[in-house]
Amino acid sequence: VKESYIKERTTIQANNPILIEGLPGLGLVGKIAIRYLIKQLKAEKVAYLYSPHFPYFVLVNKKGGVRLLRGAFYFVKTNGPNDLLLFTGDSQSQTIEGQYEIADTMLTFAKKHNVQVIVTIGGYRMEVEGKPKVIVAGTDEKTVNRAIQAGATVSENGSPIVGTAGLILGLARFQKIHALCMLGETRGYLPDPLAARSVIEVLQNLFGLPIDLAGIDTEIGKAEKIVVRLQKIEENQSAQAQETRKEEGKKTTYIS
Amino acid sequence: VKESYIKERTTIQANNPILIEGLPGLGLVGKIAIRYLIKQLKAEKVAYLYSPHFPYFVLVNKKGGVRLLRGAFYFVKTNGPNDLLLFTGDSQSQTIEGQYEIADTMLTFAKKHNVQVIVTIGGYRMEVEGKPKVIVAGTDEKTVNRAIQAGATVSENGSPIVGTAGLILGLARFQKIHALCMLGETRGYLPDPLAARSVIEVLQNLFGLPIDLAGIDTEIGKAEKIVVRLQKIEENQSAQAQETRKEEGKKTTYIS
Amino acid sequence: VKESYIKERTTIQANNPILIEGLPGLGLVGKIAIRYLIKQLKAEKVAYLYSPHFPYFVLVNKKGGVRLLRGAFYFVKTNGPNDLLLFTGDSQSQTIEGQYEIADTMLTFAKKHNVQVIVTIGGYRMEVEGKPKVIVAGTDEKTVNRAIQAGATVSENGSPIVGTAGLILGLARFQKIHALCMLGETRGYLPDPLAARSVIEVLQNLFGLPIDLAGIDTEIGKAEKIVVRLQKIEENQSAQAQETRKEEGKKTTYIS
Amino acid sequence: VKESYIKERTTIQANNPILIEGLPGLGLVGKIAIRYLIKQLKAEKVAYLYSPHFPYFVLVNKKGGVRLLRGAFYFVKTNGPNDLLLFTGDSQSQTIEGQYEIADTMLTFAKKHNVQVIVTIGGYRMEVEGKPKVIVAGTDEKTVNRAIQAGATVSENGSPIVGTAGLILGLARFQKIHALCMLGETRGYLPDPLAARSVIEVLQNLFGLPIDLAGIDTEIGKAEKIVVRLQKIEENQSAQAQETRKEEGKKTTYIS
């Protein structure tokens, strides 16, 4: 492991595949979306990406099993014109050069398997009210327009896209692969399945994916309960703090 | 993109060209100057410089189009003895080794195209009053003297030149290319077209470039209005702060 | 020394060896354990590991002798089915990439000498009361179970294992070597021979090592005396601080 | 300049040379000593060391001439059994790996020119009273003992030696070159020619160098005047601060 590399577990015959990527980032939008797609589409794990640019620790499971941080590719054979590759992982790279190298490694894998379009998923920081929008950017106007027709919108202020989700797009041109980035609006403090749901809906429209959204609605319900609980804790603390301040105010009055 | 490299978009036949470089830095002096030269001289974009040492994000335009951070070379065919190459970009390198590598990559390109002289442009921090001076440094006395005759001055305190503008000069010797660095005096807080103008004037004298300065004078006008507006905001804040302090002073008196 | 590498001092004929590793880390558990094993088993120093990723200083002994930071392999010829290799060193790597490179270098050495099992030793942060437990993790269930039968336990919360002790396990799979990590529970503030003792006991059971524990009990006694002394100093300081606060409380009363 | 390398300006015929090194560090002891030796021995500049691990700026002289940061080797042809090579430079490396690479590069040069002994010079932090001692460390006992006979002493507490002065010793073994490090005791806040003088004296005794110390005594005189001036400024400030505190003490009394 002196350089990032991909270890294939199975030989696959992918038919003009689409690759959808989502690593941990703002609101975990990308990782939540990909994990949901993997489960719903019963995708098969086909390859790992290892890199010395990931953080230097290993994960331990409940049985004491150990593994390196890594990314993983999953494969779905479809009846349509495009098979599906999904990618997620434990972490992004910790160094600048590692970010470029990992995005590069993924693209080499995509090219090898004749990937037609890459979609990267992430979060877009926003004080969201109501349903989160999906902000789209891409390597070419035609691909971006298809995403807009599927329900995404282009941002007017053009914030840069940081990390792997952005670099893959930037580098895709060199491999002549069309690529899109879809960012779900999120406050970004907590894992945000609602933002991931918005992205999945656009993906459904765009590629005609057969995805049942009931499961992610359950996740959203749970996430909302956590938020409500956290807000109550905060309100209590704030109320107590005010009470304390009042009390102290009285004391100060006595002193003066 | 495992190493910095240059991607040529067009094959050019450059006749003993001069290369003028200006990346983002103090007061954006270099970048403003180069962008103005590109516009005025109707230079053609001929090559890109990519590097894994640039920051790891991509830029998004208003149509949702995405691109990597990069530098770009522009070309101007002249009637004189020297054609012109211009270079600017989005960012400097984020690492020490990247700074050396990028300067090196630019010099290899310069050598390939038989560049005779390189001029790098930057800002020189100074509490400027009136017209900013242009501080010059160079690889050899003869080239520096030509710049002095064209209106530049040598600094007496000899501050080091940080970043690409400096390293290119340091490395140019190994390629046997004469090189100059021209630093426009600037306070450096805000984009400073006035400092860029001073540098362009020296370049005009030095190389007999046919540049109309009306456009940059408009930019200078706008920049000055911004400065005036910022100063007013600051004065108001300062006045308010003083007022507040007076008020609080009274209160304190009551309390004592 | 442009890359990490191993310099062998003696050619060894190791019979299906077990490699046990312990570098400086939490509570120095790994280093204390390995040093004790080296002494008790009269292990012979057979190879050094050098790396440009170690910190850039050299150590000086009392006679003014100087040496680079390094790791060292020790060898024990046994009568049993497995000979023993022990590894410890001055420091862990200071960079992410160095952590991967050093673990990789050690594994190449292990493979070359036909190592059957690797055990890495470290500390596990815990407010220990009584005898420290040994937390185990490993590359495969069978090896983990052997360690559990020898007295180790699996952690329920599955904290990641940071540094060389963890990465070696993560990378061992690629070399098809079974590997275990044993972490002695420790508060981690001070060198903790008691935690090291727990680990050594499990190793004894696991591999039938003939180790006399009297020596480490002496170390534990000394370490406990240091802790008691530090606690007294702390209590005194705390008592003084309280006293001071009381006194100041009185003064404040006078002032008001 | 993708890797550190040495550019020889002249071909030299060095007879069993001794190499003495001193880069900027604590109290600038090493650099001051080497510069004095260069001047006194009329050494000739024979080679440069360039590296992308030096800081990324260039130096500018009063005529506007520019150069990269670098190290430089100087040569002295002697009548004795050993010619002399001297090395100093503008800066140490800014990265761990660069520190190793630069020390390595110097050693390759030393080996090529058949260097017999290397001496590195630095500072040793100490609240010095009277004449600074010279602390010595080395690759082997015999070489250390020669230095002790020449007036140096071995430190009892064995502090590590940080940076190039230390790494060269650590790496010299691999090239089978004897090496010494001589550290002049210094408070380290300011350039310290007095500490450099102590080191030069030991070098004189050790190698029989014909060095007139009058020049460095002048430097020491100047340095002492600077220290006295700084102390007066400090005392004044301290006295003023006390005065202010007294005044404020009075005010507080009025208020209470």
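Per-chain numbering from 1; labels A, B, C and D assigned in written order.
We adopt the following convention: a contact is a pair of C-beta atoms (placed from the backbone, for glycine too) under 8 Å apart; a residue touches a chain by one contact, two chains touch by 3 or more.
No experiment lies behind these values; they were computed from the predicted model shown.
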Checklist entry - What chains, if any, are shared contacts of chain C and chain D? => result none
Next on the checklist: Given that chain A and chain B are copies of one sequence and touch, is their interface built from the same residue numbers on both sides (over half shared) or different ones?
Outcome noted: different
Checklist entry - How much rotation, in degrees rounded to the nearest 5, is required to superimpose chain A onto chain C on the basis of Cα coordinates? => result 90
Checklist entry - Per the centroid of Cα atoms for each chain, what is the distance between chain B and chain D, given in Å? => result 37
Checklist outcome for this item: Expressed in whole Å, how far the mean CA point of chain B lies from that of chain C is 53
Item to check | chain A: positions in contact with at least two other chains | outcome: none
Next on the checklist: Judged by the touch rule stated earlier, which pairs of chains are there in contact?
Outcome noted: A-B, A-C, B-D, C-D
Item to check | Partner chain C, residues of chain D touching it in the complex | outcome: 96-97, 99-101, 104, 136-141, 144, 154-156, 158-163, 166-167, 169-171, 173-174, 179, 181, 256
Checklist entry - What residues of chain A sit close enough to touch chain C in their complex? => result 1-2, 52-69, 94-95, 98, 255
